[in-house]
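Take a look at the structures listed below.
Each of the two complexes below includes chain A, the first together with chain B, the second together with chain C.
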Partner chain A sequence: MSRCRDGIRTVLRRALKVPWRFNRRWWVRRTCVCSVCQVPVLEGKSVQQTVDMLHRQLEQLGAMKQGSFWVDCETYHTTGTASGQPSKLLYVMHNSEAPLSCTALFEGGPCLMADGNFDVLMVKLKSHFQNAKGHKVESRGARYRYCDFLVKLGTVTMNSSARGISVEVEYCACVVPGDCWNLIKEFIQSFLGPNVPELPSVFATKAEGLFVPADAVDTMTQYLELFGKVRKQQVLQGASVR
Partner chain B sequence: MADIVNVGMNLDAFSQAINAIQALRSSVTRVFDSLKDGMKNKETLEVREKGFISEFQDNLQAVNRDVNELERLSTLVGRPSESHPLHNSGLLSLDPVQDKTPLYSQLLQAYKWSNKLQFHAGLASSLLNQQSLKRSANQMGASAKRRPKVQPSTLVLPPQYVDDVISRIGRMFPEMTIELFRPNGTSAVLLVTLGKVLKAIVVMRSLFIDRTIVRGFHEDVYSEDGKLDIWSKSNYQVFQKVTDHATTALLHYQLPQMPDVVVRSFMTWLRSYIKLFQTPCQRCGKFLQEGLPPTWRDFRTLEAFHDTCRQ
Partner chain C sequence: MEAPPVTVMPVTGGAINMMEYLLQGSVLDQALESLLHRLRGLCDNMEPETFADHEMVHLLKGQQGQPFLLRARHSLSSPTDPWHLRYLGQPEVGDKSRHALVRNCVDVATSQSLPDFLNEMGFRMDHEFVAKGHIFRKGSMKVVVSKLWRVLVPGNTENTEPLSLSYLVELSVLAPAGQDNVSEDMRSFAEQLKPLVHLEKIDPKKHT
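And then the complex of A and B:
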């Protein structure tokens, strides 16, 4: 049994010329349980002030700062649909956790993980997909580790102005999202207070999100949902100001 | 036993006495028969009365003679001893037809077995009192001297037996898969996969668990050369904690006479981690304490507690 498994692994490793260490890390990365949610900005405070407060709260809890992170998202329209179909959106996202990869999500459709030079391909495809300039959203901030939790506290910016706050919490020891949701929820409560998000829809739809290569996509889907919410808020705020 | 032999020697007297009883019964019957029949039909009343009276006297004398005979024999037979070890049931041995009703020999056998049983039960209970389930409790005293005597016999169990015990335990717990390896000679190394929660490597010597290490379900259990990695600890604090507790459990579940029971108890305990991330602490009701879920499982009740909540 084990010999067979080893055999397959060795063959794969040789065929792909993948160093073992790398292979192992890749394996681990894919299988964490992760939840992304938006943190409301405190009343009478700016985004930056709220983020600073959250930093302090995390550090009080005993979380250790471990570098920084970023996630960004560019939006493309389909063009040249001769048959009069409504134009669809394509999102191309990057994540500092996988700096050599790129995730492409079709609105309500399929998604794919690609190499970083997918961006170059998009430039070549500009007769079909047009970059919606000024729609670039990104979240940047610090990474914290607390026991087996990984917390990424980011400021969401659109057109280089801060619009909201994102919190990504990863529980690295567990591979089944449904199993540890209560645990993650309690952890988020410990530094965010009672306004904890509901179970992310990607969790609910597949209880056994195990070893499915879509796990990294799940995180990106959650960021995309969050960016969508932030964008909508801005539209509403803009309307009320007018 | 002496009484039984004695009784056997008097068997002749017994049979004579029984004959005497039969004779007495028939003579008594004869008395009442003649009384019932009344006077016989003779020519004169005088002759009739005489004949009846003489017959009655003869019959009574016969009864008297038989009674005397029985009394004489009864002194020969003697009283059955009351100090018989089986009391009145000892009289069963007097039954002459042994082949048809071997009650007495069966009774003796049963008696012997129950004696033996009591003796061994006594020994076992004194042993068990010394060697309770805790290894730490019998570090000193007489039991410590006894242990080396016991261990060597259980250390040389045939591998086939170990395989059988392990596969039987594996069948008991459907959510647990147990793979058995023998990387170095006869000692077995078990790879236990519990649901989608954890993997435990259990190093055995014969049926004794020597060492255990617990890692996450998605962590590698093989080292870079493709062998089972029994040394490096988990990258996650949860599983490092669980490893510590599992080592404590190994020290807790100890029963040198029955190593298979120990392995089964340990596996039952390990199985309670199936809901490691889903069970709140039974004391504080929370999921997290210092960033860790309840990693302790009570050895008896298998309830989940945080390490700090378990006292």
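And then the complex of A and C:
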């Protein structure tokens, strides 16, 4: 399976300088049920030591390493809003699974999938939306495959310092969260032990039996929630996370 | 949907500052067929391409300065296609050595939640119209011949009336900043369309 959801057609189009046509739903390549959770750092260990231990556990399980991944999130806040209106936060996220696309979202609000030029547009909009540079959070790490599961084990960093660990598990053989959640939970348990996450709220709030959307919005929403927790942790704990 | 410009994708490691070079003109409805016939002969050999698009112009007003303007466009003939969000900078007329109007341009392909998202960002719709017409290409040049339709009931693209008795003709090229030589190619192509249509660099400031 191709690692790049943007696909070979985009790459070829660019390489051959073929006039670019708006491709129907170009961001859609693959649909999976996905769970993103934060793993607590083991007592007496650093973030890196805990990540190394999880790597070993995955490899012992028989998972195959398939390159690396990254997910990042930039925060923009509105400037110069009309008096009385609260300042809104706009998040622009990128995912290595779709490197030419980006996801823009408001917390609890509408979400937009766009191509990479949206970042250029945000630069043009700097007089209305200011980039909170210190708030950039990203998760980077290794990507593993184990049968129909895809596991991404990342170190969450903010201002270049490690703040936590993220684990993303995708189950690619089913698109109905309610039907495969127990299976995903069991798989996560096999390498995370008791730290099994609850059913992600993005799925819990939806009617049972509903399909996951094909544009990976659910994944990005979960990462946004996780990054939000990491930011709050920083405020609460200061430097207590090693 | 009207074909987006030829080069809109950012290069790896950063996006290029793209400029749109533009020449505009118009023909009366009666002259449309002869212009299309001429364009079919001059342009690249391709399938005849028509489009019907709905464009909404959104404004974001700040506390000071000029409002920020974005154009959201989607195809009426292929409603499942992605939306097209477009930022256009201030047009520069330049001197006589440059044969086309130049303006900064950012094209973004987006999902269909664009109107809701712009609304959440604080943008408000200023005006809307429907454009129906034909597209031709000649290398990196794009020729759009379209008729603009006024939307009589906001949001209802079925209920429209023509804005005028003529068709808008636009010749445009998207190129990185500083490549003024493309305007020379545009000028020579525009010469070949005379006297059917006179394409000129029209300063929008003079018409406001």
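Note that in this section the second predicted complex is superposed on the first by the 199 of 242 C-alpha atoms of A that agree within 3 Å, B and C clash if a C-alpha of one lies under 4 Å from a C-alpha of the other, contacts with A are read in each partner's own complex, and residues count from 1 in each chain.
Rule of thumb we're sticking to: contacts are C-beta pairs under 8 Å (C-beta built on N, C-alpha and C of every residue); 3 or more make two chains touch, one makes a residue touch a chain.
Just so it is clear, the structure is predicted and the values come from calculations on it, not from any experiment.
Trainee: Of the two partner chains, chain B (first) and chain C (second), which one does A:G228 touch, if any: first, second, both, or neither?
Mentor: In the superposition, A:G228 touches no partner, neither chain B nor chain C.
Trainee: Is it chain B or chain C that touches the larger share of residues in chain A?
Mentor: Here the partner covering more residues of chain A is C.
Trainee: Does the superposition put A:F187 against chain B (first), chain C (second), both, or neither?
Mentor: The answer is first: A:F187 touches chain B but not chain C.
Trainee: Just chain B (first), just chain C (second), both, or neither: which does A:C174 touch?
Mentor: first
Trainee: Taking the superposition on A as described, I'd like to know which of chain B and chain C A:P40 touches: first, second, both or neither.
Mentor: neither
Trainee: Applying the document's definition of touch, where does A:Y146 land relative to chain B and chain C: first, second, both, or neither?
Mentor: After superposing on A, A:Y146 lies in contact with chain B but is clear of chain C.
Trainee: Applying the document's definition of touch, where does A:G109 land relative to chain B and chain C: first, second, both, or neither?
Mentor: Only chain C; A:G109 stays clear of chain B.
Trainee: Taking the stated contact definition, name every residue in chain A that is touched by chain B in one complex and by chain C in the other, in rising order.
Mentor: The overlap between the chain B and chain C interfaces on chain A comprises residues 10, 20, 24, 27.
Trainee: Using the touch definition from the top, list the residues of chain B that touch chain A in their complex.
Mentor: Residues 179, 181, 196-197, 216-220, 222, 224, 226, 228, 235-239, 275, 277-278, 280, 286-288, 290-293 of chain B touch chain A in their complex.
Trainee: Quick check on the complex: what are the chain A residues that touch chain C?
Mentor: 10, 14, 17, 19-27, 78-82, 88, 90, 100, 104, 106, 109-121, 124-125, 127-129, 215
Trainee: Quick one: in the complex, what on chain C touches chain A?
Mentor: Counting only chain C, the residues touching chain A are 1, 3-10, 15, 60, 62-65, 68, 78, 80-82, 84-85, 87, 89, 106-111, 113-114, 116-117, 120-122, 137.
Trainee: Quick check on the complex: what are the chain A residues that touch chain B?
Mentor: Against chain B, chain A makes touches at 1-2, 6, 9-10, 20, 24, 27-28, 31, 62, 146-149, 171-176, 179-180, 182-183, 186-187, 190, 208, 210.
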